[in-house]
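One chain, chain A, links the two complexes that follow: it is found with chain B in the first and with chain C in the second.
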Partner chain A sequence: MKPGKSLYLFVLPGLLIYLVFFVYPTLQGLVLSFSRWDGVSEKTWIGLDNYRRMLTGDDIFGKAFTNNLKFMLSVVVFQTFLSLTLAILLFKNTRANIFFRSLYFFPTILSSVAVAFIWGFMYNPNVGVINNVLGKAGLNVLAHNWLGDPKIAIYSIAFAQIWAHTGQMIVVFVAGLQAIPHDLYEAAHLDGAGRWQAFRNVTWPLVAPAATIVAAYTTIQSFKAFDLIFALTGGGPVYSTEILSTYIYHTAFQGSEFGYAAAQSMGFMVIIAVITFGQFKLLRGNRVY
Partner chain B sequence: MNDGTKRARGARTGSVGRTFVLVLFGLLVLLPVLVVVLATFKPMNELFVNPLGWPKTFTLDNYKEMIMEQSIGKYFMNSVIVTVSTIFSILFFSTMLAYAIYRFGGWRGLTLYGLFAAGMMVPPQVNMIPIYELVSDMKLTNTRIGLIAVSIAVFMPVAVFILSGFLKSLPKEMIEAASMDGCGEWQAYFRIVLPLSMSSISASAIFLSVMVWNDLLFPLLFINSNDKKTLPLALLQFQGEFMTNFPMIFAGVILASAPIVLAYLFLQRYFVEGAIAGSVKG
Partner chain C sequence: MKKWLNISAFVLILALLLAGCGKSGSSEGGGASNAAPSGEAGAKASEDSGKKEKISFVHWRGEDVKVFDELIAEFTKQNPNIEVEQNVLPSEQYLASAQAKLIDGTAGDVFASFPGAQFETFVKANLYVDLTGADFVSNYTDNLIQAGQKDGKQYALPYQLVYNQPIYNKKIFEKLNLTPPKDWDGFLALCETLKKNGYIPIAFPGADIGPGQFINSMMMNNNTDEDIWNKVETGQAKLTDEWFVKTLSQIKELNDKGYFQPDSLGTNKDIAGSLFSQEKAAMLATGSYMMASNKQQNPNLEQGLLAPITVPADQAVFEGIHTTTFMLGVNAHSKKQDAAKKFVAFLSQKENAEKYANETGQLVTVKDVQYNTPELAESAKWTDKHTRFQPRYLITVAAIEKAVTSAVQNVIAGADPAKAAADAQKVVDQNLKK
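Now for the complex of A and B:
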């Protein structure tokens, strides 16, 4: 059956709304990035000024980028490692395993605002749960102002992010592990392979594609952590948890510099493209098929 | 000691270690939630002396205050309206799009698919500024319709991605057979493809409902009047107003999360399927 002409009607409504409200603004952002605009009055074309400022005269942009990298690296490394380990322990469909998987998945359904409030309370320096528990255990020396200390605040938020999203990555890995044919393990076992060797030679090569996807997805997700950071610290103290997305928001809606914020968005987009591309290159090396 | 007992002992210590790790991580997941749930039943002054334990004076005042005084029901309804309209529109558009991508195939199918797949790689924060510009040019700021239209456009790529991935797994012959019976595209779509895709549609619906219900960014950008705020935005406002009145704010968090948590208890399969499909397949 040849595709009928009526198929264009299938495409039209969805494509239209997507083009108007997503594709067009994405391109329009480029134009805006060459302008000065306060959100109310007329736009003025200022050429490359915004980009020049972003690359040479804006320390906070660099700081936000560094924070983004710190956040991304801690989340991607720990979350991928943790979810793969737990998925290996849980990939068989026994009753207990299914229970643990649903328990671990639970935080992923909460809103980032809810997660932010929960961890804001855990980390609270006065009534907070963590310092309270440390105090009861006689470990007062370990108590910190978890979100107030600029040196550790971004990692405290990264921990909340890992808490909230590990369960989702576990189920992705479980699906990948369940797709590995059981014969391969039996063959490895007959050849006298130990657990580690079986992992190294059977599991890892076959689960690597899933790991690539998980790492890429987690990277993008960590860059999207706007809601969590906005609700937890708003970027403070002294920009120590400001990431690119919150900084763009602040530039536009607090500084009323929409043109400059659009230029920052372009920089943000390039950074994400480079990181995603690099990651795929890097992890592709592990693929066997 | 022979090899058999050695292996059995190895397996036993292995399984003790395994259980330990699993329970430990389970507690890490559960305890923060439990502490917060317990806090909602304590008066504020008790929370400061007893942040961890069982409530000594059990009270429902925090919930009462949220429902009666802070009219959380209003925000709840706003979230329902925005989420339901967004999800139904997305399902309507994306099932048709996925069907067309599947039927077109070739360069047209690929172009369409690529256009939407690319949208998944662009975080919404990247184009929030120009989207805000567009919505304010159209005089749609602080309207539900503006928020819904943007949410449809932003979240639709995920549904197109999931549904196209599913349709690819269908045998072409099924549609061919339909054409023998003289079915047009509409009939093939309604009678064959839609019914077959139900589980994939449900998974997308659940996955996206969670995203839209929980979204803070777009309501934050567009909505400023109190009678149109959605739950995440309202919670943020409560936090600004009540600062350290944790029990009350947490009661709000519980009420705002309740529908998703209830849905999770009954429709877990679709949550997990959606999460896997949304991040892997396609």
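Now for the complex of A and C:
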């Protein structure tokens, strides 16, 4: 056996795990998606009925997808912008900057349920700190029913998500910014470039790959958000925070429609795959050599 | 040499991996009922040797584990050859988590189930031993165990009795000279008086359980047909019909007149409970099951139960809403059915049901039980009244149940009742029973 080929054997344990814990359940889910099954009775083969129902006869699935897009866009745009801005302010390794970077990173180490508990309390219209502070500052007009108003609930949760994950993205941007050679700024300065021109012509092109990674990661992360939404609102009120992952959970574990939930999961997988593919294309477009 | 080193390393990794899997598999297999010999052979061996038999009791009430531990200790004293192990699974995923264990008989020799959809599913799957004619069934109040019957057979015994209707603060009512009203105009007048006197008339947990609880008493007299949800689920009745739109309109009226606390859709049951316990709110739109925790928060609280009557007094058919739940059953797939029945019989004895009731603050369906707290005694008065089984529990399609509770949230959020009903009916149409 050639040493080169034998190295492939080391991949085998990982491959086995992947096959057993990912490929097999996925295939099983695919088979299940063609059935009607309540988890107790016998499975009934119903062909493409679940997919037909998902695409043409289930308004809540469409609503959950729309909510997912709203959530994703809010999180991607604001989290990327905020983390880049903070990274630009904090990328130099001074004591104060390191302290603030650690401070902003802190929420990342909290579990989503802890984040949900904190924000659930802060947003509470009766005892929450946000409305209380706004009231004491004479800004009652800004006080809202943050999680109870169907028009704004999804954005309130998006804000909590941004709070929880911005610190993580700052780290990626700081690494990208620190990799930019200082000579380029000196050259730009000698050419008469101001701060904005230096950012536009030096910083942004060189930090763009990091921005793409942040955007790609944040997109997938926000699409898969489940625990934060589940713990904060459970998908309500009036489906306003129902996203695909919470809807699949409700279909399976509250509705006991495991076949239909499997079909929704397949649909969800395709959506994630399309988005990931789009992000991958974008990533290639932003590569700087 | 290098080649052999590579192969050896690979074999070692694979062996460790498989050993890990094997270990996890075996511990999982024995997890829930590890000490119990599973299968017929195991049961027979246990009987032959006269060794202890271990049965598993699957339920969802984590808060009752302590009192069940005490009851189990007493049961084991009386039946030294039977051990009982509790397996508590979260209620939200109870069906999904319990079913596999119940079907293969590895756990849940005795198990609790919810009435309505879950009971129907379990009956269809032949999970229950027929308890009809067993001596201990006569310990229960006849009309409170109907939720566990199907086709004339008693498959499960509802153990708990709950009244899913608002709780009120008796002292506030007395202070303002108010009594539970007999009709809708009276209910509105009551709320107005409470509001004028600085109280929140109704603490409404709109973020979680409120819509699903309040809809019961709000609709009970607007549509008195106890088969109405079956008709909605099969397309014979619609949510756009007058009774449902009227129910939504009345809920909206309460909200628009400021009889719920502000921003009620952002309020969960704990916060609503606190508003009531702190005596800021005069009514709490949940159910009798919260009376014990309210009392813990405020020992001076005096609580009663009432249900809004949404029609003129002479048209009211029902006085309130009850649910009989936590239905005890013996698993038809269990190899230890005799031991399991003995345990159910033990729980069905008056003194044991009494201990359970008084220590958990829950009413029970067992006859002649004496309650030792004012809250339980107050709730027990309702057993003589004409109450209706919780309508929401009779919705068997989860998507339709959610459409109904979402319609309640929708009108509180400002939607027109007819539009909210139409939106909900659209979901119903997409989920009609086939």
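We adopt the following convention: the second predicted complex is superposed on the first by the 266 of 289 C-alpha atoms of A that agree within 3 Å, B and C clash if a C-alpha of one lies under 4 Å from a C-alpha of the other, contacts with A are read in each partner's own complex, and residues count from 1 in each chain.
The rule we apply is simple: a residue touches a chain if its C-beta (ideal position, glycine included) is under 8 Å from a C-beta of that chain, and two chains touch if they have at least 3 such contacts.
Since the model is a prediction, treat every value here as computed from it, not as a measurement.
Student: Counting residues of chain A touched by each partner, does chain B or chain C come out ahead?
Tutor: B
Student: If you stack the two complexes on chain A, which partner ends up touching A:Asp149: first (chain B), second (chain C), both, or neither?
Tutor: second
Student: Taking the superposition on A as described, I'd like to know which of chain B and chain C A:Gln254 touches: first, second, both or neither.
Tutor: second
Student: After lining up the shared chain so the two structures overlap, which partner does A:Pro125 touch, if you call chain B first and chain C second: first, second, both or neither?
Tutor: A:Pro125 contacts chain C only, not chain B.
Student: Tell me which partner A:Ala210 touches in the superposition: chain B (first), chain C (second), both or neither.
Tutor: A:Ala210: touches chain B, not chain C.
Student: I'd like to know which partner A:Leu73 touches here: chain B for first, chain C for second, both or neither.
Tutor: neither
Student: Applying the document's definition of touch, where does A:Tyr239 land relative to chain B and chain C: first, second, both, or neither?
Tutor: The answer is second: A:Tyr239 touches chain C but not chain B.
Student: Taking the superposition on A as described, I'd like to know which of chain B and chain C A:Gly57 touches: first, second, both or neither.
Tutor: In the superposed model, A:Gly57 contacts chain C only, not chain B.
Student: A:Ser6 contacts which: chain B (first), chain C (second), both, neither?
Tutor: After superposing on A, A:Ser6 lies in contact with both chain B and chain C.
Student: So, A:Leu139: does it touch chain B (first), chain C (second), both, or neither?
Tutor: A:Leu139: touches no partner chain.
Student: Quick check on my understanding: which residues of chain A belong to both its chain B contact set and its chain C contact set?
Tutor: Chain A residues touching both partners: 1, 3, 6-7, 10, 13, 17, 39, 126-127, 252-253.
Student: Which residues of chain A touch chain C in the complex?
Tutor: It is residues 1, 3, 6-7, 9-10, 12-13, 16-17, 38-41, 53, 57-60, 123-127, 145-150, 233-234, 236-239, 250-257 of chain A that touch chain C.
Student: Sort out for me which residues of chain B touch chain A in the complex.
Tutor: Those residues of chain B that touch chain A are 18, 21-22, 25-26, 28-30, 32-33, 35-36, 39, 47-48, 51-52, 92-94, 96-97, 99-100, 103-105, 112, 115-116, 119, 121-134, 136, 149-150, 152-154, 156-157, 160, 175-176, 178-179, 184-186, 189, 210, 213-217, 220-221, 231-232, 235-236, 239, 244, 246, 249-250, 253, 256-257, 260-261, 264, 268, 271-272, 275-276, 279-280.
Student: Show which residues of chain A lie in contact with chain B when the two form their complex.
Tutor: For this pair, the touching residues of chain A are 1, 3-4, 6-8, 10-11, 13-15, 17-18, 20-26, 28-29, 32, 37, 39, 82, 85-86, 89-90, 100-114, 117-119, 121-122, 126-129, 132-133, 163, 167-168, 171-172, 175-176, 210, 213-214, 217, 220, 223-224, 226-227, 230-231, 244-245, 248-249, 252-253, 258, 261-262, 265, 268-269, 272, 276.
Student: Name, in rising order, each residue of chain C that touches chain A in their complex.
Tutor: It comes out as residues 2-3, 6-7, 9-10, 13-14, 17, 92-93, 95-96, 99, 103, 117, 121-122, 124-125, 127, 206-208, 261-267, 271, 275, 397-399, 402, 406, 409-410, 413, 426-427, 430.
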